[in-house]
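For reference, the structure discussed in these notes is given below.
Residue numbering begins at 1 within each chain, and the chains themselves are lettered A, B and C in the order written.
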Amino acid sequence: MSRRRRMVLPQVARWIDNRLGASRVARTTLNKVFPDHWSFMLGEIALYCFVILLLTGVYLTFFFVPGSKEVTYNGSYGPLQGVEMSQAFESTLRISFDVRAGLVMRQIHHWAALVFIAAIIAHLMRIFFTGAFRRPREINWMIGVSLLVLAIANGFTGYSLPDDLLSGTGLRIAYSVVLSVPVVGTWIAFLIFGGDFPGTEIITRFFVIHILIVPAAIAVLLVAHLAILVRQKHTQFAGKGRTNTNVVGARLWPTFTAKTLGLFFLVFAVLAALGGLAQINPVWIWGPFEPAAVSAGSQPDWYVGWLEGSLRLFPEWETRLFGFEIPNPFYSGVLIPSVTFGALYAWPFLEARMTKDYAEHHILDRPRDRPVRTGIGVAVLTFFVLLFLAGGNDVLAARFDISVNQITWALRIAVLTLPFLAFLLTYRLCRELQARERAEPPAVAVLERGREGGFTEVEPTTTR
Amino acid sequence: MSGPPDDRAAFERRTVNQVAIAFTISALASVGLAVTYWQGGQNQVEGVLLAIALGGIGYGFVVVARRLLPQGPYTEERDVLPSTDEMVTDFETDLERGEGWLARRGFLLKMLGVAGGALGLAALFPIRSLGPNPGRSLFQTKWGKGSRVVDEQGDPVRVSTLDVGGVLTVFPEGSLEVEDSQVILIRVSDENLVTKKGREDWAPEGYVAYSKVCVHAGCPVGLYQQDVKELLCPCHQSTFDVLDAARPIFGPATRSLPQLPLMIDDDGFLRSQSDFDEPIGPGFWNRDR
Amino acid sequence: MGRFGLALGALALSATAMAVGLVSAGAAPDSPGEATPLGGGNDGELVDRGRELYLTGCSSCHGLDGGGTDQGPSLVGVGAASADFQLSTGRMPNTEPNRQAVPKPPAYDRDEIDALVAYVASLGDGPPIPDVDDPAGDLVLGGRLFTLNCAACHSSAGNGGALSSGRNAPTVHGATRVQAAEAIRTGPGPMPVFGPETLTDKQVNSIVEYVRYLRDPEDPGGLDLGLVGPITEGLVALLFGLVVLAFVCKWIEPKEPAE
């Protein structure tokens, strides 16, 4: 019986090979070597979150109705019985209360979105702090930054779909930011929303963007991202036997495959646990969107929090000249994000120019080995963490009983000073760590065990 | 992984047992999941069982990978990424076949540019159908001469409706829930209130009305602090002085909330004298024109 | 793993602590039992007793005859509702007149409060203790009214919110229905006043039904994380979800770079 089974697989493989001639490529692929470091798996976490978003997302599309038409609620959630609401909100309530396993799917989907972007940013930070964006990986860096932008866009469109009070407030702010664009702002806002705010079109249009346009763009860019990675091979840290012209690690088949599949299931498991145990975005508490209502403590999802903080902290400056104006939200809502992402895109080229280093790099830096870059990275991170806190200044004020006015002023000053402090501290820390290593090289003894037992010492290789 | 064969075999057996148990637990959780669903479902149970089902499989894969599969380390040489000079020259030669021909047909290329460009431009026109011309819509609301002030239920507002220190969200009669026409009505006192020169009769009997759409980013300015007579917008904390024509005193707002001129008709109902004297809401490019 | 694991663990712990800190609201001070609507007509003995208590505990700020001083406002015409609210939530006596009065364990028991309330009510006509059961409130109507009139300051979940200059709209979870109705009718501190011609009794009773519902709203999704919103959700995703997964990665690939 086992002999028969053993003969089927090669027969199938032969059949495919006769038509595609893929054996050689398949063999090369199976043998590909992947360097192993736990931080190299952060990108995979993001990838698997995307897969889970697709799976749960498809499920949700079978039940969600992306319409603005007003209907009367008749489901199981008591406090909204008989209330007029859009189809979008009503179908979200139905998924949450009246579709079996609907809520857990919806919550897994939303948690996955939050972790997706968290993983992308963690991955981006790993790439940044180890210098993996250097030649020849500048293209992949830019693809990666684009993936971050797209992920944020899909998150925003996604949590706006239920048409609840919280996300509707966010939409109003977005409308105003678009409106603030010079010359064409009013036109762009009217075209996107189909007229005045809120209009009746935006939910349907966001739905198309959220389930079709952006996921397709992400998928295409992901394929390119991975293809380039395969072509160029992964980077690796310095170490025994590792050079700038090789890769050392485990083979794709079977070890890497097993590990990465395991990671997929574990990512899914963590998200499933969150989806079942931790409530997220309880739209029934916010209620359906009403244009004249708003809640205290309104924040966007965390990955937009920095933008919200920018809007809250930016002082009351605007330009008005000759009957034309560039209103305040333009600076905080368009200019700052543009500069941010522009700098992100340009970083590999900026650094190459500043360091005059145009060589190919396949060996990674340890963050401490590049104190300036690491310092800049920590400074920028500090800036964004402060903006994130600023986005929640009213929640912080209420919770810790401090004046929101004082918090705002404190954060305004902090945002302009703490990043520099962070740079200096980080720079010093890196230098200090380097100095310690030079003074006292780590006491490392590399021992090799013989076939008959017993150990012999092998000369340790320095890591730099 | 070196060592005497017996140890190794025992280690493998232990690992295989562990993984088998993990897979069994996973399978049981999946069965539990199906049963839960069949029995009507329960979110927490579904989430936990799904997590166990998935986690068991994941655990199994990772343990097998770490303990049983070949660890290496294996080494693979990198390709030299840039192509050799010979390959590049060959490529250029082949490209030249078409490119050279093209180079001698500059005129044709330009005409292709014209055709393509025109098509591209024409293809953008359907975007126009996405929405109407902004026109004057940002400059007008539904308030007009004599519009009766009504609350969210549509009931008209009288002189007696608000106590001193009271606040209400109101709309013009017939235009409930129209976003740009939402107004915050505040009873500051019993007496006529003059918020600014030229607005002497805008706030009769202490009733003052401001557009509720924040001039910063459009959120409803819903927090009225009746002891200090300030309006606070919850979104970005712009604060407006109600007695001083809603002048901004904190936050990113750069101008006052537009004030709606009120009057009291012969039957004691509140009405607007006219629309606002400026566009409501956040700024835009040609707002001052 | 050592140093790095410690750092990650510390980060996760501190984030969880922050999230929990954000989430947990202060415990509601003990309520001395609900007031009953005063049946109209002053009980002379009660008023006298109230006056005695008033002279000892309140007159230094509110004046010997309730007319107010520069430390505290006049109580003439504030009504039984206002007095009962302030006293039963412990806001009064206010030990820091320059700051917003905060709820604390009441200084008086129910009988003493009833007496003080009767005295204050006798000073002038004002809002009486509301009857929150008649007319019966409607939960759905209450939710709609709460969203439009209350959520802007108290948040949709009733957690409260920040006002200017260090003041806040407190959480509504600690209030009894009567206290909530009293607050609505009397507009304490920064809160606006919603009189009988602004909101009918049925509307007020509906709102307080919803306020009570918000103490323990439906949370089919699991732990409600304090219903603070996307901030806590983000913190959980970042510093629990991502950190757990980072630990998972470390478990899968435990080797250090310099091998």
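Going forward, a residue touches a chain if its C-beta (ideal position, glycine included) is under 8 Å from a C-beta of that chain, and two chains touch if they have at least 3 such contacts.
Everything numeric in this text was worked out from a predicted model, so none of it was measured.
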Partner chains shared by chain A and chain B (touch criterion as defined above): C
Farthest chain (mean CA position) relative to chain A: C
Innermost chain, where centres are averages of C-alpha coordinates: B
Centroid distance [mean C-alpha coordinates] between chain B and chain A, Å: 17
Centroid distance [mean C-alpha coordinates] between chain C and chain A, Å: 38
Whole-Å separation of chain centres (CA-atom averages), chain B against chain C: 30
Where chain B touches two or more other chains, by residue: 43-44, 47, 62, 65-66, 73, 152, 169, 220, 222-223, 234, 237, 250
Junction residues of chain A, two or more chains touched: 103, 107, 259, 262-263, 266, 270, 274, 276-277, 290, 292-298, 393-394, 404-405
Sequence positions of chain C contacting 2 or more other chains: 148, 151-153, 161-164, 169, 220-222, 252, 259
Footprint of chain C on chain A - complex, ascending: 36-42, 45, 77-83, 96-97, 103, 107, 111, 114-115, 118-119, 122, 165-166, 237-240, 259, 262-263, 266-267, 270-271, 274, 276-282, 284-287, 290, 292-303, 305, 366, 391-395, 397-399, 401-406, 463
Complex contacts: residues of chain B adjacent to chain C: 43-44, 47, 62, 65-66, 73, 152, 158, 160-169, 186, 220, 222-228, 230, 232, 234, 237, 239, 250
Contact set on chain A toward chain B in their complex: 31-33, 100-101, 103-104, 107-108, 136, 169, 172-173, 175-177, 179-187, 189-198, 201, 232-233, 241, 245-251, 254-255, 258-259, 261-266, 268-270, 272-277, 290-298, 311-312, 314-318, 320, 323-329, 332-333, 360, 362, 393-394, 404-405, 408, 449, 451
Partner chain B, residues of chain C touching it in the complex: 148-149, 151-153, 161-164, 167, 169, 187, 189-195, 197-198, 220-222, 251-252, 259
Chain A contact footprint on chain C (complex, rising order): 21-22, 139-140, 143-144, 147-148, 151-157, 159-166, 168-169, 210, 213, 217-225, 227-231, 233-238, 240-242, 244-246, 248-250, 252-255, 257-259
